[in-house]
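Chain IDs A, B and C follow the sequence of writing; residue 1 opens each chain.
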Amino acid sequence: MSATVALAPAASPFRVGLRRFRRHRTGMLGFLVVAAFIVMALAAPVLAPYSPIATSWSAIRQAPSLAHWMGTDELGRDELSRVMWGARASLAAGVVSVFIAGVIGVPAGLIAGFAGGWVDGVLSRIVDAMLAIPFLILAIALAAFLGPNLRNAMIAIGISTAPVFMRVARAATLDAMTLDFIEAARAVGNPPWRIAVRHIAPNITAPVLVQVTLSIATAIIAEASLSFLGLGEQPPQPSWGSMLNAAQQFLTQAPWLAIFPGLAIFLVVLGFNLMGDGLRDVLDTRRRG
Amino acid sequence: MRHSLLGLVVALSLAAPAVAAPALAAPPDRTLKIGLREDPDILDPTLTGSYVGRIVLAGMCDKLFDYDTKLDIVPQLATGYTYKDPTHLILHLRPGVLFQDGEKMDAQAVKYTLTRDLTMPGSLRKGQINDIKSIEVIDPLTVALVLKAPDSALLAQLAGRPGMMVAPKVAEKEGKKFGLHPVCAGPFRFVQRIPQQKIVLERFKRYWDAKAIHFDKVEYIPIVNSAITVDNLKAGTLDLAEYVVPTDVPLVKQDPKLRIAMDTSLAYNGITFNTGNGPAAKTAIGEHASLRRAFELGIDRTALIQVVYNGLYTPIAQANPPSSKFYIPSVVPPARNVAAAKALIAKSGVKGPIPVTLLVPNSPDLLQAAQVIQSMEQPVGFDVKIRAIEFASGLAAARSGHFQAFFIGWSGRADADGNMYSFLHSGLGFNYGHYDNPKVNALLDQAREAPTVAARKAVYAKIWTIERQDMPVIYLWSPKNIVGLKKSLLGFRQVPDGIIRLQGMRFAK
Amino acid sequence: MQGPIGARLVQLLPTILLVTIIVFALQQLMPGDPAVMLAGDAAGDPRVVAAIRDELLLNRPIWAQYLHWLFAALHGNLGYSWRLSEPVSELIAQKLPVTLQLSVMAFFFSVVIGVPAGVISAVKQGTAWDWLANAIGLFGLSIPTFWLGIVLILFVSVDLGWLPPSGYVPLSQDFWRSLATTIMPAFVLGNAIAAILMRHTRSAMLVALQQDYVRTARAKGLSERKVVLRHALRNALIPVVTLAGLQLGTLLSGAVLTEQVFDIPGIGKLVVDAVFNRDYPVIQGVVLVTGLLYVLINLATDVLYAVINPRLRGQ
């Protein structure tokens, strides 16, 4: 935690950080949890004991048993298999929407920080305005506009998350601009775009990367929330959020339907958070309150 | 001149209340708490468009006519009617009825209310009573409705929201704001509403049928989450829940203090196909009626209902459920027959698997049902894709023709016209698929003019024969009205329209 | 964070204007016809729907509708709910107290859990206590709000029967019952904030414990408890308190789902229902008010921060 990392670009803070991360115990634990879920998602066709969409009307809402470790759902489908397959939607939602957010937010932040002046003013006002609208309302409206399915839920979450990345990238850019070597590069007469790409971009990687892991966590929860409101993955394909949505009407009769998908969300988000904390510890020494 | 059977019913109902109300000295504060499945929209009989709105309004606003448990039309604010000729309906009003602000409920008030329904901007009633050309006050207790054309469904409308009389002075003064403090001629008067939280009514002492009322206050509490509704019933914080979901029925029955009252409803659920609304109608299933019939043969309604609704709902193949006077017993849903379905597909020449995208409003039970249908159709040769959609977007998609098949329900009306006309007649709003069969159009119009239930039924039977061939809509099931209530709550009369009538209800001592 | 308050206030105007434009644009983009939703079971008659469209001015160009709304809003008139005919301002005035009660209670929870946990973990850095506090923090950050709500309803209300599962009762009506109906949702809502507060308290305390004045106090021979509580905590709390203020905005946003799960008639439920019913004036009004609250809280926090932290004032 108290480690100091040289900020000069020569030492590639990134590689130093990675080496440190490998020794960061909770960070690695988070990484392993996430890796396990990724493996589960990718290998779901092999690992899942049943098909996630094979219905069995004679066996609906059965409590967990040896045959069905997590019981069966409202259509007699194996809950364990659905949790495994559901990892695909949730992880995809987490990764893709954060990618979208990053692709929009980071360049915007870079430009705002680098250009300053009215460009910064306009971009910052837009970001302020978007942050002033409750995140979920923004996401619901966008998802309803785009049409409810997983892809659009990811886009909606991505757009709604972009302002956060813009802020992070802007702050990091402003920080980096004060560094000596950038002022030097400027004095030598490098064109602005080259300074931005060559010198500033590498320096904002660390805070952005930290934000990525943390945002993946919130994006997974957001996808689940949207699916919970019926705006996410389409049936019969499972997603943890839509499974929870269906489970809500059987809380008393079949509580396991609500417990397991929620537990899965909790674990994978926990993994991402641990990983993010670890990364923050090793990459970003200038932690702010 | 033609008299109805109403005369007899009037006499009976006038005599009845005397028996119904034993001289009970009601304890000081008797508040009835009713759980609603959602928050109603505005409480103005002219402007409301929601099902639960009707339930709350029934506590405040008596209608000219009402339905009894057998769906016979019985008098309420009117004591009877006569048809002078098919376009002249004479209404005889009950004497001595007061609105809750003390105004007299008389012929002028009837004229005012019906005129308001016909002329108020944004009125949702206009279409229901559009056949009224003019309203003439004959004497304080007699009104004549002059019709543009004979309308056999008009009386049913007067037993619905258009029949709810509003206090003219208040309505005139409040205009569009009337629904914030409605004043009618019903048993309870409006006290307070906190949207999404509760609606409070108190007893109107000068109600014309006051002896049928045994509560001092009524509270309507909207609870969207069905599990929470049941919990509140069990905890005793609700006396009656207007709707308990089928899967919760066992939970309520387990409780020794509670009971379930279950009866057929007027509602139905089905699949509307896009047969003519824009380019999306140009699909195999949209263009071939035989494929739609094959689709129907792929569905096992009974199994579907068993899985999703604990087996409680009723399989149907027509818009009017068995409780309706217009139900045609010979139109029965076919049993699932995969072989026959496949044969139909083979005969159509369309190569499978045939893709069908089913638009489904994203309520959990409908999504569940859609998935059941999806797996039932798979062996038949239909590749059903489910598009779950938020309700408002779903309606927009359906109306603009951006759908192939739409999984949609209807709250149902006692009169068949209200379940069929705007759904199967071309050019109307609920005919999402733009089904257009001139014969059906003509028959629907003809039924409106047919004088008796029997005559109308004969016309409707012809429509169902055509509908079963064209199959623009596959009717799947009719839900039940499932009311959960305290065993100590007596005198509850269940009418298929699902409206909770407070008259005659009381707590056991 | 720099600049005089006046300049910041001027910046708020375009932000708020943008909020209203974004929301207006969004509701236009959302599919769904408000007139059809309003017509409800009368939408079968195209004439009825057309009349409503006229009535609501929905046939006008979008910019005209926006200016019409903006002009009224500038005069303090947020219009009427299409679905309920009730003034939007009145609806908000009815619902905001509910959400505020929830938020204040949630805030209370988050402070009561988050700050002590942060202090303990900083003081006992590296011990089991530190580990436990961190675990609580991570738990709070990782658990999905609505799932925690569902699980709590299951165990506390359904299994144990300790608390009512829902049925909000206003404070003014029955104080204890009101608390009983809001304690679970408030906990659920406060949980995530508690985690954030815990983390920030911890890092602020770690910094404070290394400052000169703490060393001086220790050198003077004050008890460790006094050192921690009187000197370190007092200074560490300054940034934490301002940060906590900032989280109030997050609470408003978090209330949306919590109110949905617990069926609480607050501002979150109001706006979600309005979105699903396409009751534009309500969406517009609620987002304007919450957006305003959000930016004002932000501003207040910044100002407070600058006042407390003199180094920032000069910049």
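Operating definition for what follows: a residue touches a chain if its C-beta (ideal position, glycine included) is under 8 Å from a C-beta of that chain, and two chains touch if they have at least 3 such contacts.
Small disclaimer: the values here were computed from a predicted structure and weren't measured.
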Nearest-to-centre chain - CA centroid comparison: C
Pair exhibiting more inter-chain C-beta contacts, B-C or A-B: B-C
Inter-chain centre distance, chain A versus chain C - centres from mean C-alpha coordinates, in Å: 22
Distance from the mean Cα position of chain C to that of chain B, given in whole angstrom: 40
CA centroid of chain A to CA centroid of chain B, Å: 46
Overlap residues in chain A, where contacts from two or more other chains coincide: 144, 147, 229, 248, 251-252
Junction residues of chain C - those touching two or more other chains: 30-32, 153, 158
Multi-chain contact sites of chain B, meaning residues that touch two or more partners: 225, 227, 390, 392-393
Chain B residues within the chain C interface of the complex: 39, 41-42, 44, 47-51, 121-128, 176-177, 179-180, 194-197, 221, 223-225, 227-228, 231-232, 235, 237, 390-393, 395-397, 399, 411, 421-423, 427-430
Residue ranges of chain C in contact with chain B within the complex: 30-33, 36-49, 51-52, 54-55, 83-86, 91, 94-95, 153, 157-158, 164-168, 263, 265, 269-270, 273, 276-278
Of all residues in chain A, those that touch chain B in their complex: 53, 55, 57, 60, 74-76, 144, 147-149, 229-231, 234-236, 245-246, 248-253
Complex interface listing, chain C residues touching chain A: 11, 14-16, 18-19, 22-23, 26-27, 29-32, 138-139, 141-147, 150-151, 153-154, 158, 200, 203-204, 207, 239-240, 243, 252-253, 256-257, 260, 268, 271-272, 275, 283, 287, 290-291, 294-295
Complex contact set, residues of chain B against chain A: 225-227, 230, 245, 247-248, 251, 303, 306-308, 362-365, 367-368, 370-372, 374-375, 385-390, 392-393
